Structure formats: C-alpha cells, structure tokens
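In what follows, a structure is listed as structure tokens, so that the remarks can point back to it.
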Amino acid sequence: MRGKDLVNDLVGHLTYTEMVFFLLRGRRPTGAETRVLDACLVMLMEHGLTLNTLVARFVASAVPNQVQVAMGASLMTIGDAFMGTMEGCARILQAGIRAGGDPRAYCADVAARHRAERKAVPGFGHRFHKPDDPRTPRLFAIAEQAGAAGPHLAMMRILAEEVDRAAGKHITINATGAIGALFSDIGFTPEVMRGLAVVSRSGGLVAHIAEERESGAARLVEKLAKQHIHYRDPPPDEAP
Amino acid sequence: MRGKDLVNDLVGHLTYTEMVFFLLRGRRPTGAETRVLDACLVMLMEHGLTLNTLVARFVASAVPNQVQVAMGASLMTIGDAFMGTMEGCARILQAGIRAGGDPRAYCADVAARHRAERKAVPGFGHRFHKPDDPRTPRLFAIAEQAGAAGPHLAMMRILAEEVDRAAGKHITINATGAIGALFSDIGFTPEVMRGLAVVSRSGGLVAHIAEERESGAARLVEKLAKQHIHYRDPPPDEAP
Amino acid sequence: MRGKDLVNDLVGHLTYTEMVFFLLRGRRPTGAETRVLDACLVMLMEHGLTLNTLVARFVASAVPNQVQVAMGASLMTIGDAFMGTMEGCARILQAGIRAGGDPRAYCADVAARHRAERKAVPGFGHRFHKPDDPRTPRLFAIAEQAGAAGPHLAMMRILAEEVDRAAGKHITINATGAIGALFSDIGFTPEVMRGLAVVSRSGGLVAHIAEERESGAARLVEKLAKQHIHYRDPPPDEAP
Amino acid sequence: MRGKDLVNDLVGHLTYTEMVFFLLRGRRPTGAETRVLDACLVMLMEHGLTLNTLVARFVASAVPNQVQVAMGASLMTIGDAFMGTMEGCARILQAGIRAGGDPRAYCADVAARHRAERKAVPGFGHRFHKPDDPRTPRLFAIAEQAGAAGPHLAMMRILAEEVDRAAGKHITINATGAIGALFSDIGFTPEVMRGLAVVSRSGGLVAHIAEERESGAARLVEKLAKQHIHYRDPPPDEAP
C-alpha cells in the first residue's frame, strides 16, 4: 500500500484520520494537516434530525439488523444540494491560485459574475446562521493556530470582502465554504472533498441508528407526514 | 435469452408482465397466470406517504436529476419488515403442499405452533384493515375468475379457518398473505417474491418522485420532524 | 388515486404497464400507447453481464436474503452514462416540436452544433451495433403498426438524415434514442424517462439474482479481477 | 450534543476517532481506548480489489460526479457475509463475561457446540491466512501495549485454545474476530460494530474511487466478465 506494509507500518502508527490522508496523498500528514482534517471531519459529522439522518432512520426501521444498508442509503444524500457548495468554493479558490495574478481583481470578478447571474457564490450565505455562521471563524482559528492556513484561506477572506461589496451587505461564509478553503490549503482537490464529507457523516450515522433503535422516531415521522401532508395527485406528465 | 431472440421474438410480442414471467420461468405465461401476476403487481404498486415513499422523496430532494438514486434507495426498504410475511406465508403453503397429507391437520398445527410462540402467522392480521383487508377477497376473486386458483389458495382458506379457531376470533388474511398464496399457485418460489414486490413498487415510485418535484413534500416532512420530534441523546452504548 | 379506487377500479382492470401510465398521466392509456410502452420496457429489461447486473450480483453475494438491496444498488447505475442519451434525445425532439418552424432546419442546426462541439447527438451511435442498431427499426415498426408514431418519430428520422449529412457517413440511431422518440410520442416528459428505464431493469434483475444464487458468478468475477487487474496506487491527490 | 457545544467544546478538541466514540458512548475516550479504536479502524479500511470495492468502482463509472452514490452502494456490502463474524464473536465473548462462571468451561462448551453443528466459531479461520492471520497478533499487541486489553481478549485466548482442541488442529483467530474482542474490551456492543466497520471502509473508498478515475478498472473488469463468464439461463423458478 503505497510502499508500506499495512499491518506493520500503518496500523498502530497512524490514526484513522492520518490513514485517510495517507491513502489519498501518498504520504503521512503533518501535525498541522491532521489537526485541520480532524476539525473539518468532526464539524460535519452530526446534524440532528435532517433529511439525511431521517433517511438512515427510515431504512433502519424497514431493514432491521442491516445497519450498513441504512448508512449507505443515507450517505447517498450527501450530494450536490448539500456538498456542491464545498466543491464549488474550492474550485473557485484553486482556480484563482493557479491563475496567479491579482487576487482581489480575481475575487471581485467572481463576485460580480455571480451577482450578474443572480447566483450565490458557493460557500456564502446560510438559511439559519445570520449574520454569521459561527462554525466558520472557529475553523479558521484552528487552521491558523495549527499553522495550516495558506493561500486559499487568504483568498477566501478577500473573496468574502468582495462578495459583501457586490451585495451591498454582509453575507456569511458558511461552514462548507470554510471547509472548502481549508481542504484546499491542506492540498485536497475538489474531486475528493465530497468523499471526505461522506466519511465524516458515516461516523455520525452510527450514533443516529443506535438512537433510532431506542426511540422509534422514524415511525413517528411517518405518522406526522400522514397527518399533515395532503397527498395530491400530481399534474399529469404531458409532453408537448 | 432462453432460446429466444430479444428483438424479434420477445419485444412486441410480450407485455412487460409476461416478460418478467418469461425471464424467471423460461416460458410464456398463460393468460390466467398473466392476469394474476398483473393484479398482484398493480395491488402493491402505490401506498401513499409511507416510510418507503418518503425515502424516495428525501433522496430525490437531496440528489436532484438522479431519479434512479432516489428509486434505488427507496426500493431497499422493501425488506423483511414489509415483505417478509409474503415469503413466510408462501413458505408455509408450499411446504404444506410438498408434504402431502391432510391439509387441515397441517394448518391446525401451523396455527397452534405460532399461537404457542405468540407469533402471528405470516400473512395474517393488519394494523388498519379490520376485521378484513378488502384487497384479499378481490385478489382471490381475480384468481378464481381467471382459473388460476390452485392448491395454495385452497390451503390458504383452510389455514385462515384454523388461524381463527386457534385465536378464538377472526383475523384477516392480509394482502401480502393473499399474494403469497397467488404467487405460489402460479408457480413462483418464495425466493423471487420479494423481487417481484420491488418491481411493483418501482412503478409507483416514478409517479411519487414526479409529484415530489411539484410539491416539495420532503422539506415539509423534515420541518415537521424538527418541530415535533425532540431529539434525545441515546443512552450510552456500553458493553458489560 | 386520481379519482379511482385501487381495489375495485384498477386492480384486475389494468395491466402493470397500464397502471404505470395511469399513475403518471392520470388516464388509462390507449391500446397503441400500451403497446409502445410495453415494447420499450421489454427492450431495456435485460442486458447480460454488464456493469449494472454485476453490481446486483456482487451485492446479492455480500448481503444474502436481502434481494431488494442488490436490486436497489444495481438500479442506481441507471444514470447519466446509460440513460442520459434517452433524455437528451427526447429534449431535443420535444424542443423542436414546441418551437414549431421548419423541422429540417432545426435538425440541421442541432447536428451542426454538436458537430462543431465534437459531441455525439444524444441517441446516435453505438459501440457495438454498427452500422445499425437492430433494435431501432423494430421499435419504430411497432410504433407505426400500433398507430402510435407521431411528430417526434417523424422528426427523429429527419434528425438522423441531418446527423449523417453533418458527419459525412452513416451513424445509427441507437435503442435509447429510439425509445426517447417513442416515449415522446406517447407523451412522456424527459424527466420521467429515466424512471421508466429503472422500472424496466428492475424486472430483469429479479432473474439475474435468481441466476446468481445458482452460478456464483460474482465470486468468479472477483477472482478474475484479482488475477488480471494490477492495482496501482493512484497518483497522489494534490491541489495546486 | 450530549451536553457539549459542537463548535466550541468538540471541534478542535477531539479527533475524528474520539468524536465517533463520544457520540456513541457519551464520554471522551481514554488514550488507550482511542489507540485501540484507531488501530481497528485502520486495519479494516482498505482491502484491494474485492467485491466491495468493485461495487464502488462500477457505480462510480456509471454515475460520474456523484461519488457519494458509489460509496453508499459499496458500503451496503459490509453485511453479514463480511462482518457477521465480528458481531457473532463479540456476542459469544460478551455473553461469556456476563454469565460469570468458569471461562474455560464456557469456551469449551462454545467450541463443542459449534463443532457438533459443523459450524465455524465466529472469528476463527481464514481462507487465505493460514496457519495464522498476521493481523491478529498485531492488534492484540497494540491493545496490550496501550493497556486496553481486558476480559474479552483474555477470554478470546482461552476460546482459541478450546477451538484448537475441539478441532484437533490449529485454527487462526482472524482479524474480524480479533476486532470483535478488542471492541468488546473498549465497551462497544455488537450492535454498533458493523457501523464502525462501515466508517472504516468509507475512508478506504475515497481513495479507490479517486484511483478509478485514473485507471478505469471497472470497464476492464466488465470486459473480463463478458469474456470469461458464460452466462447461462437459470433453471426455471418453479414452485412445487
């Protein structure tokens, strides 16, 4: 495995987080990289009764004793709607660094283009966390204290200023945007970031499914749905 | 494909239902077999806002434009909790026929053994449909009118009498029990029955997901869950 | 259910295929529509040892007695790579009909634009079936004999001529392209077509998984993979 | 979250592995517990081109840009066939400890009962690793050096002696058996162990799917399957 023997060189020598890094990057992470990766994985792990965890609970209730099926079905929801912004933000930052040139001009252009298309810049804005997502400064502080803050985080701060300027008001950097910046600084490509989010969530799901065995929340939600949602026949599907 | 050419011998000559039968059994079904298989597939197709369809809606909402992912995740819930009784009932009936001997003695023994273990006989009883599941007599009538009623259905009627006698009250044959009997009479093994249920539900899901695009019910249910379910930390997992 | 009672109005009166149409469109299909829908569903049902069916066999081997899990995992592969062309082709045809105007000019423009971008027109070309996919003329003949051929099929023929002209050689209409045209003529939107493909494949999978129980092909393929594929460490994932 | 604030009390203070423990057990692990949990998670993470990872590669190839779908489908294969022995072994050990009494008599009885039923004791034997699975002594050494070896590991050693005695030859403790013992000693119930295995594998899959993008191994395996496996029609499914 990348020149190392699993049993003797890796097991007992690397933490789980270090091993994930090793498998992806072919070398052991530094302490700073590990600290950032751990912080990001812990931040995304658990999200209460969301759409994602409800899927896990529903499937666990329908297919008992096959916890891996419930976990697998739930992890499939870590898709564009939830993690697209992390990758989108990382793509913008990594392209900006690769391009070289003046970061402020680049960021102003990104903000202006999204504004013109009436689209949010990926990694900015949050439904509930206003004016600021409290997770973002915490993650930035961890990266800085660890000495893992690099050019992508620096550009993220400039981008945030330009997003505010273009909007004429303050818009928060959300946690997935922050993680997109931090993951970029420790060297991950946008392509693997969603996979890392899946890893993170898998840890949270074990606890959710254990709790479901106690609480039977899935059945309660099913009952609520039947009581409150009036199921209407959809309009007929009709091509021109 | 079982000695036939797909393009010339099968497409245009067999309905979808006939083709499913052909792939499993190696011959074209009779008209009576087709009629029973169609009736059972239609009966199971659609069930409103249940746990199963909620999973489809949640995943469709999280992973837009990948309808097959939502369908796949939802179909995984057609497991022991929902379809185990169909197979269990079919196993009892098919073992009884295979054993030969007196069907009433066999059924009385089945009913007594389940009674002694305080277990429901698979295919009997229903949470909502009391005293009788209206789907059962309809399915039985279709099989009889088609001339597809055979020894398994006959034994199912005897089993129902013995279940009632053992319980000291009337317990309905539910729809999955009825289908287990009918599928047995048209020659399916218990092993493939769950697969046929998945086929049936897949048809219903296409419409559910189309409706979800219009209604956004998934997000409403998520909101209801957050409002009404108090998420408690589970008791710690602790081995002895 | 769309104004009908499932037990009395639908079960026993509609075939599975008619019920799928009914749930999506809110009315019973005509005989011609049913014939086309059946032909398309049968055509896509079964594809031998492909990537899709191998997934079903692998999962069935790992998670025995949970056939719905194997089916669900396999159906998730009915994605952009396999069914995107059906939807893409249908979109082109439906947009052309909606636009009105001269169909030949529209088709020539579609062919030229794809040519300029060095992209295949969705629904055209096939890796193995050269010069012609034999499934396409069969499907077209069924639609015509049934009296279900409409403007989309007519435009598909014009598009094929313009694709050939732009390419300077003959390129086949493939089966998914043909089905995109036929599904459009019986009134389905591109959005539901992938769901119909999933329905079709679900029927084929029941037989594949039954066969896997006999043959154990999954383990053979695993062995072949280990023997023939030299697993190389990937190049390190490395952001700029 | 169990009385702690995610952003301020947990992120940056706990590693991913510690957070998994915290969510399940309601307290921070000791250093010894963390060391054992990390070692077990790393040991199971990556297994080359197995049935499990082939599923991930196949789905990734069919559904590009939705890495979570490939991961979810693959994780569903971490079922009874692969992880049942871990749980089964843990159940035996935990029941033995709970029962009190003479551990040797208990273990001799377990070995004898399995022998009489011609079943392997869960956690013993391995297809390839003969006479000994090299992962087992490594895991045991890590637990002992960390000071996390407890009564379950002690009983596992006795059980191994009794398994050998009953068989009349040496049978290895395999890695899943070893992990079942170690997970028991750090206090996990059998119910959550499969979920921890899923967590472990999720980390390995991110790298597999990244490699698949480079190598296209899935298509090669599909080709091998088509070349080498003769697809036979299954025997007809036929009830009595």
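List of remarks:
A, B, C and D label the chains in the order they appear, each numbered from 1.
The rule is short, and it goes like this: a residue touches a chain if its C-beta (ideal position, glycine included) is under 8 Å from a C-beta of that chain, and two chains touch if they have at least 3 such contacts.
Just so it is clear, the model here is predicted, and its values are computed rather than measured.
Leaving out chain B, the touch network of the other chains stays one piece. Ranked by distance of CA centroids from chain D, the top chain is C.
In the contact between chain A and chain B, the residue numbers used by both copies make up over half of all numbers at that interface.
Chain pair with the larger contact count among B-D and A-D is A-D, by C-beta pairs in contact. Averaging C-alpha coordinates per chain places the centre of chain B 33 Å away from that of chain D.
As a whole-number value, the distance joining the C-alpha centres of chain A and chain B reads 38 Å. Centres computed as Cα averages put chain A at a distance of 27 Å from chain D. The multi-chain contact residues of chain C, meaning those touching 2 or more other chains, are 1, 24, 63, 66, 69, 73, 76-80, 191-192, 207, 210, 233, 235, 237. On the side of chain D, the complex with chain C involves touching residues 48-52, 54-55, 58-59, 61-64, 66, 69, 73, 76-82, 207, 210-211, 214-215, 217-222, 224-226, 228-229, 231-235, 237. Residues 1-3, 24-27, 63, 66, 69, 76, 90, 94, 97-98, 152, 184, 187-189, 191-192, 233, 235-240 of chain B are the ones that touch chain D when the two sit in their complex.
In the complex of the two chains, the chain B residues touching chain C come out as 1, 6-8, 10-12, 14-17, 19-20, 23-24, 35, 37-39, 41-43, 45-46, 66-69, 71-79, 83, 134-135, 138-139, 141-142, 191-192, 194-200, 202-207, 209-210, 213.
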